[in-house]
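Going in written order, the chains are labelled A, B, C, D and E, and every chain counts its residues from 1.
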Amino acid sequence: MSDIDYKQRGSLLNPLRSLGFFGRPPVTQPLEPRPASINYRGFHLNDWEKCVGCGTCQKVCDNAAISMVHIPDLPADPAKGVRPERPAIDYGRCCWCGLCVDICPTGALALSREYVHTCVDADLSSYFILPDSHGIHGQPYEKGWAKTADADLISLLREPMPELEPEQRIENFDEIVGGYDPQQALLEASRCVQCGMCHDACPTHMHAPQYIRAIWEGKLEEAVGWIYQTNPFAHICGRVCTRRCETACSIGHRGEPIAIRWLKRYAMDAIPHERVKQIAAAGRCETPSGQRVAIVGAGPAGLTCAFDLAKQGHAVTVFEALSQPGGMTRWGIPEYRLPYDRIDRDIDVIQSLGVEIRCNTRIGSDITLEELHQQYDAVLIALGLQMGRGTRIPGSDHPQVRRAVDLLRQATAGEEFGTPQSAVVIGGGNVAMDIARTLARLQRQRFGTAQVTITALEELSHFLADPVEIKEAHEEGITILPARGPREVVVEDGNLVGLATWRVTSIFDEQGRFSPTYDQEDAQIHTAEMVVEAIGQMSDTGLLGDELTERLAWNRGRLQVDSDGRTSEAWLWAAGDMVRGPDVVSAVADGHRVAASIHAALSAAKEQNP
Amino acid sequence: MTPTDAPGHDVTTTLDFLLQEVDGLRTRWVAPRRLRVDLPAETLPALLELLKGRAGYVHLSAISCVDWPDDGQFELVYHTWSYELNVLVMAHIRIPRDPGVYLSIYDLYRPAAFFERDIHEMFGLWFEGSPDMGKFILTEWEGPPPMRKEFDGEAWVMEQFGWQEYRPEWLTEIEAKGGGISKRPEQLRGDKGEDGTA
Amino acid sequence: MSFAGILIELTLMPLVAFTIGLFMVLMMRKIAAKIQRRVGPPLLQPLYDIIKLYSKQTQTSHGLLHDIGIVMAVGGYIAAETMVPVPGMHGIADKAGLLTLAYVTMIPSLGLALGVGQCANPNGSIGISRALTAMLAYDVPFVIIIFGTAWFYGSNNLVEVVAAQQAGGIATWGVMQMPILAIAGLFSLYAMLGKQPFEIYVAPAEIATGPMVEMGGKFLGGLFVMQCFQLFTASAIYVSLFLGGGENWPFFIAKLFFIIAIPMSLAFLFPRYRTEDVLAAVWRWPVILGLAGVWLVMH
Amino acid sequence: MTDLRTIPVVAAGEERPSGGQGNLLARVFDELTAFCRSRSLFMLHYCTGCGAVELPPAMTSRFDMERLGIQPMVTPRQADILLVTGYVSTKTLKRIILTYEQMNSPKYVIGICSCTVNGGMYWQSYATAKKLNDYLPVDMYIAGCMPRPEAVISGLRELIANIRAGRSDYWRDYYRRYDHYLGNQQRLFGENWQTPTDVIAEARHYGLFGPETLGEHTALLEQHQTPLQPFEMRLGLKQDKGSSS
Amino acid sequence: MRPENYQAVSHPPSHEYEVFFGPNHPGIEGNYALKVRLHGDEVTAARADGGYLHRGFEKLMEGRLWIQNIALVPRICVPDPVPMEVCYSLAIEALGGLEVPERAQWIRVMQLELSRIAAHLFTFGGNAATTGMYTPMFWGIADRDLILDLFEELSGGRVYHIYNIPGGVRRDLPEGYLKRVSDTLDYIESRLPDYDNLMFTNQVFVRRATGVGIMTQEQALDWGVTGPNLRATGLPFDVRRDDPYLIYDQLEFDVPVEEAGDAWARTLVRRAELKQSLRILRQVVARLPEIDGPIRAPIPNPLAWNLPLGDVYTRVESSKGELAYYVVSNGGDKPWRVHVRGPSAMHAVQVLEHLVTGARIEDVAQIMFSLDACPPEVDR
């Protein structure tokens, strides 16, 4: 085909050639709609099995077309990050850009290849759709625009955290995790989609979306303010929290959840301590109430309660049996995970609000609960779980069979407990990992090598311990033997020589009760100088005194409390691990709950007797 | 016409040399073929005259207005292009928001008439000497100049208009079970991300 | 012929003409569709359109003259159509001569001008002035041709013209005996139909459908009816002058459709001329050809 | 002619009671008109918004709407369907209402795209109206942003079916509830809003008067209604600053 | 036909009268209006009237996240949306320092050229229709539809592709896509002789277009006209060649020019450009399979994405001319200011008024379509 010159005048005959089209078939398509292309952006599809109701689609929607609908029939599981909500789409707004599909954290949303919807004015409500896996008219349609790997708008990978290499850390108690630098923190914070699943899952409902947003905006003081609204154990939770938030995180459905814990840690470390104290004191009641509260146990639950009550103007005294406050966070968690100065800081913040902490004061011996009852308007016992449980297998009464909590406490205190050259730890939880890694460090410091074996009933994938802990324990040369049940402690000539184990075939019976069965053919003996039991803890309720124990209501060996932590005695509350189970953040949540209850009771009392 | 590819080409030096003739300029090469010039408002006509007369800047690509209410200023950016040098010069000036009056450059560049009228409609700036400052786009608009930052369009819309109230069957069913719409999108925008939780 | 017979013919002829006109409109739209590579409208589409327009529930008139104008436009073609003989029916063809016919074909445009003027829409005014210009353009060759044929057959009576042609089969058809005049006639017919490139007075993109701008409902329906009659009348005149008229209905209809298909096939291949180009185009070649034809006829 | 009210309006095909009454001939006639109305739809050629870009494909060879008897028409007088293709800016909405009032009944409005329903993607825009059915009765909505030609054709077929079955007479609603529509128009355009068509007189004339034809808004209209004047035109390139129509 | 024009203006006796040309008028491209004063059928004064498509895009963009705006931008020019997406994306990439992978750049060029062909086919049809020849419109739009089919397969949308996002493109090419592109190009190429016969060598059309709306090069430069309209006056300027973006500097193509500056010259330039686009696409189809790699540079979570403080002016050659975005960021997650310089803003307002004045009413539509004015670019 040649170029046409501007000057050519055309012809009247050339157009007549088009008469040839009389002989050609039309290009017209049939009246029925054609199937759309494989990528078509038609009406929405939503896989309700996958959708968790996070509402991220709603946030990215540029047309404000998505409403979240609460559907009571659907399962709700805050711990897993599942909300009984599903997006409903307003086709009077939608522009079918598909951003909702590309950002959907779970990949539940897709656009279908269906594109015909018409209605008369009276049926305009049909423009508001609750998409499910069928099309808008209930007919199954194929997916059109759906999520692909290279189209994801969510960054699935976490910002890597700088950590000490195994060879750098195996001989000392230096903190392993280095913490984010500002750039990393900003990038990590920017991954958050602000769904609030973490908030729902957190026992104390920390305002994680808000403080992550504040970190992303560079407003770190604001972030600390958000943190202190719900958690005075900010430094501690920034390091050793069990982070249920990250389990629930909607990014975690397909990728690595947001490092919420590390972001909290970053925000706390970035603000000077004095400033933190000012921020924490925000909202403090200036006029003292004149009422006094005694708290037994300076652990997370007790001190959180103290923090709250002190802010509300009550005079709070905390009684602690050990030499330093902090409870299990200090005495149970090794320093390489949680440096002691961070604990000190958290406690200093609490003390700066006027909380008095009396250490080395053991209830029962130094002062009795009854006395506290007399002297204070309310008493809270937050004793924690400081006694290790025993396995009660043959030979476990040998002196070289120790309990993990005791050893950890002694290690923290720097007491000599006779570091063995080799040890076997029974248990698959975090405490087992802690003691194993602590022992390994002590062994390396003393003998140059470490020989610690962990045996646990569970398969590795079902360990209660944090996977990160397991990985790090591996890296530090600790042998982990899963699915091995302890049979007996082997003692020869009075000396402990090892632990005999069986392979576990099942842990629970058909009713779901704990009843392990073993494959007796597969027995092993793990030689060791020491056996450490790390299979759980219990509370030492002996200090309550016989009379009080008698008066209080009990439930299966646990102190019975109402939903606010109040015992059957009106003046006595209980909180923390002793009622909830071992977890810092649960203890903090419990502390808040109890504090609110105590405050309400005190206020009521004050109104009655001004 | 030879394309110029990178700063360092002699075109850039020519231009830099030429621009020394106007006082109070700050020039910066922001990208290949993109020269940013910041200058006081009163020198702009001199600069444009120089560019048009001596460097072939006959094409006024656009005049952009940016509102900086915190500084109390409007920023006017004159994007001019030379078909000879193939370099875009972006001249930035700032004028006070109040009274918001500036000179028209219609005498130099005729396209300015469109842009100046547009800026007048959208920002309320007045250009002295522009041929036609009557309304063009917003003939039916009585409110404040909409592009000014203090005009909150979304709030205005929320006040002025209502939205469809859909009553689909599925919603009635869900509401009968105790559910319902838990979060409307308009709510979300009201929060401005302050409260990401349900 | 009795008066009653004439009355019957006068009712029957418009009905037949209208029916054929409807199918001509359909053919035009089908031709357009074919060239444009599509399917086109269903069989009775032109009828649906007209019934729909007449059944509109609100009708906007622009005054008495507007109404009269439309009646004149439709009536003019109906009247013209009764002056053209069809097989078996002569209507008033032998009473009115060719010259009367030529005048009557102008009435619709004038009526339209009357009605459109009343609408007071400038686009309509431009349109109607263009329509009158176009009429002026095609009427010059048209009159020349009528003159030529009348001279040739020595009769002003169309019935006689037709009879003369049918006397000797195809050889005595006008097109065989006056080929040049027939070609000029085709041009004139083309221009009379007002299809591209002579479609200057509808011109949607220029004057937004010109005379029809304010027509809606039954008024537009009237124009649609007028179009049917126009197509029939124009083609019937041509067939009567040059193609031997109607020996019988099948042949007659075939000739009508054939002759109308020529301008319609070309119409969709051209843009419209400017007004002066129409004048130039129609006054140049058709007029020269027509005059040449007349000269040949007269010698 | 300066006063529209002097223009005579002519009623043709007076409204007949639908249903089984009337003689057989009338029923056949009704059926015929309903059928022809459904099979011959003239669509106003007015690109009000971006959805209009899918109308040319629907009208032309690939999806040929003429198969359904639909063809574009240029002026509102000739048209049966007003396609509102997407968002309507306030300025356009005025023209749409004027256009709609000039169309001859029965007339049908089709709202295409999201924007005609609930503001669409311009829901925050100060310049667009949000819900078309506040200002005009809408017969059919077609979802999409923008709907494909096939969707448009499906919507039109649906409309055809509705017209055929006598279900689509939203246009009566405009007369019967004129006060409602006028009220919304006044709210957006100001209280001085007035169109050249005297809807109330038409409603009276055609017997379409309803209880809500008159109301507070029409009272307001009648207060300031002026006889039709030619619209002001501002021509010339020199400034007439500050003036707005 | 604008409805208000229902009544004629009762003037004192005069040959002059005024007509609204649009917004509801087939001779107007889109929803736009011209008010003209006529003397006989000669236009003595004209004034463009825009704003019918005004949506306040620039304000809307200030209220939306950087990524959300990608759904908004293609709406600024409906017949040719890809340059809008690409230009906006280029601006964001420049502000955010994103490096677009090479594959994505080639895919973008492919879309840009496909979009240009589609827009030109559309314009040819419209241009022919203004003169009463509808067949090229029917053909052109049907042939354009094949390109829309390609876009649909690529991006899931026929008209609004929303396929380019800051950093690259949203999806990789489907299986066998380039083959289908190639087939479509073959088809369109095979159709060009038909268009030539019907339209470009049609004596009546040439006659209607020649000498209509003449614009000299001085006038064009004076009025800031760009694109095919400028090239039709003899200045071979094309942003793709003279201020290259993406990988246009790796492609071979000519910049067609005509000297006359009238509607016919403009039409011829577009026709030649369509062929150049085909030529570019052939190169892209040949090269693209060799270019592997990602299709998108990683971008942060779009819900929390701040762009650094700064401003940028990006230009793209759209089918209408020089399209530019001026984007200012104040360091936030939303634009502080977006200014869209639509090419039509120049030739659809002042130039149109200028060219129409003195023309005849039958040429008004021809002038508007030959300028290829796109009203939404003016109104925004």
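One rule holds in what follows: contacts are C-beta pairs under 8 Å (C-beta built on N, C-alpha and C of every residue); 3 or more make two chains touch, one makes a residue touch a chain.
Here the structure is a predicted model, which means the values were calculated and not measured.
Engineer: Find me the chain with the mean Cα position closest to the mean of all the protein Cα atoms on display.
Structural biologist: E
Engineer: Report the chain whose mean Cα position is at the greatest distance from that of chain A.
Structural biologist: Farthest by centroid: C.
Engineer: Is the number of contacting C-beta pairs greater for A-B or for B-D?
Structural biologist: By number of C-beta pairs in contact, A-B is the larger.
Engineer: Could you work out how far the Cα centre of chain A sits from that of chain D, in whole Å?
Structural biologist: Distance between chain centres, rounded to whole Å: 59 Å.
Engineer: Round to the nearest whole Å and give the separation of the Cα centres of chain C and chain D.
Structural biologist: 35
Engineer: Roughly how far is chain A from chain C, going centre to centre by Cα mean, in whole Å?
Structural biologist: Centre-to-centre distance between chain A and chain C: 88 Å.
Engineer: Taking the mean of the CA coordinates per chain, how far is chain B from chain E in Å?
Structural biologist: Chain B and chain E have C-alpha centres separated by 21 Å.
Engineer: Check each residue of chain D and list the ones that touch at least two other chains.
Structural biologist: Expected reply: 1, 45, 60-62, 64, 67, 74-76, 91, 102, 117-119, 121, 123-127, 145, 148, 234, 237.
Engineer: At least two partner chains per residue is the criterion; list those residues in chain A.
Structural biologist: 15, 18, 26-28, 36, 59, 62-65, 90, 92-93, 95-96, 124, 127, 194, 213
Engineer: Multi-chain contacts in chain B: which residues touch at least two other chains?
Structural biologist: 138-140, 146, 151, 153-154, 164
Engineer: Please list each pair of chains that are touching.
Structural biologist: Chain-chain contacts present: A-B, A-C, A-D, A-E, B-D, B-E, C-D, C-E, D-E.
Engineer: Contact residues on chain E for chain B in the complex?
Structural biologist: 48-51, 54, 56, 58-60, 63, 94, 221-224, 226, 235-237, 241-244, 311-313, 315, 322, 324, 326, 328, 336-337, 339, 341, 345-346, 349-350, 378-379
Engineer: Using the touch definition from the top, list the residues of chain E that touch chain D in their complex.
Structural biologist: 1-10, 18, 20, 23-26, 30-31, 35, 37, 45-47, 51-56, 59-60, 63, 71-72, 75, 78-79, 122, 125, 137-139, 141-142, 144-145, 148, 158-160, 353, 376, 379
Engineer: Please output the residues of chain D touching chain A within their complex, sorted ascending.
Structural biologist: So the residues of chain D touching chain A come out as 61-64, 67-68, 114, 117-121, 123-124, 133, 137-145, 147-148, 150-151, 153-155, 157-158, 162, 167-168, 170.
Engineer: Using the touch definition up top, name the residues of chain A that touch chain B in the complex.
Structural biologist: Listed in rising order, the residues of chain A that touch chain B are 55, 58-59, 61, 64-73, 83-85, 88, 90, 92-93, 124-130, 194-196, 199-200, 207, 209-210, 213.
Engineer: In the complex, go through chain C and note every residue touching chain D.
Structural biologist: 29, 33, 36-42, 45, 47-49, 51-63, 67, 120, 204, 208-209, 212-218, 220
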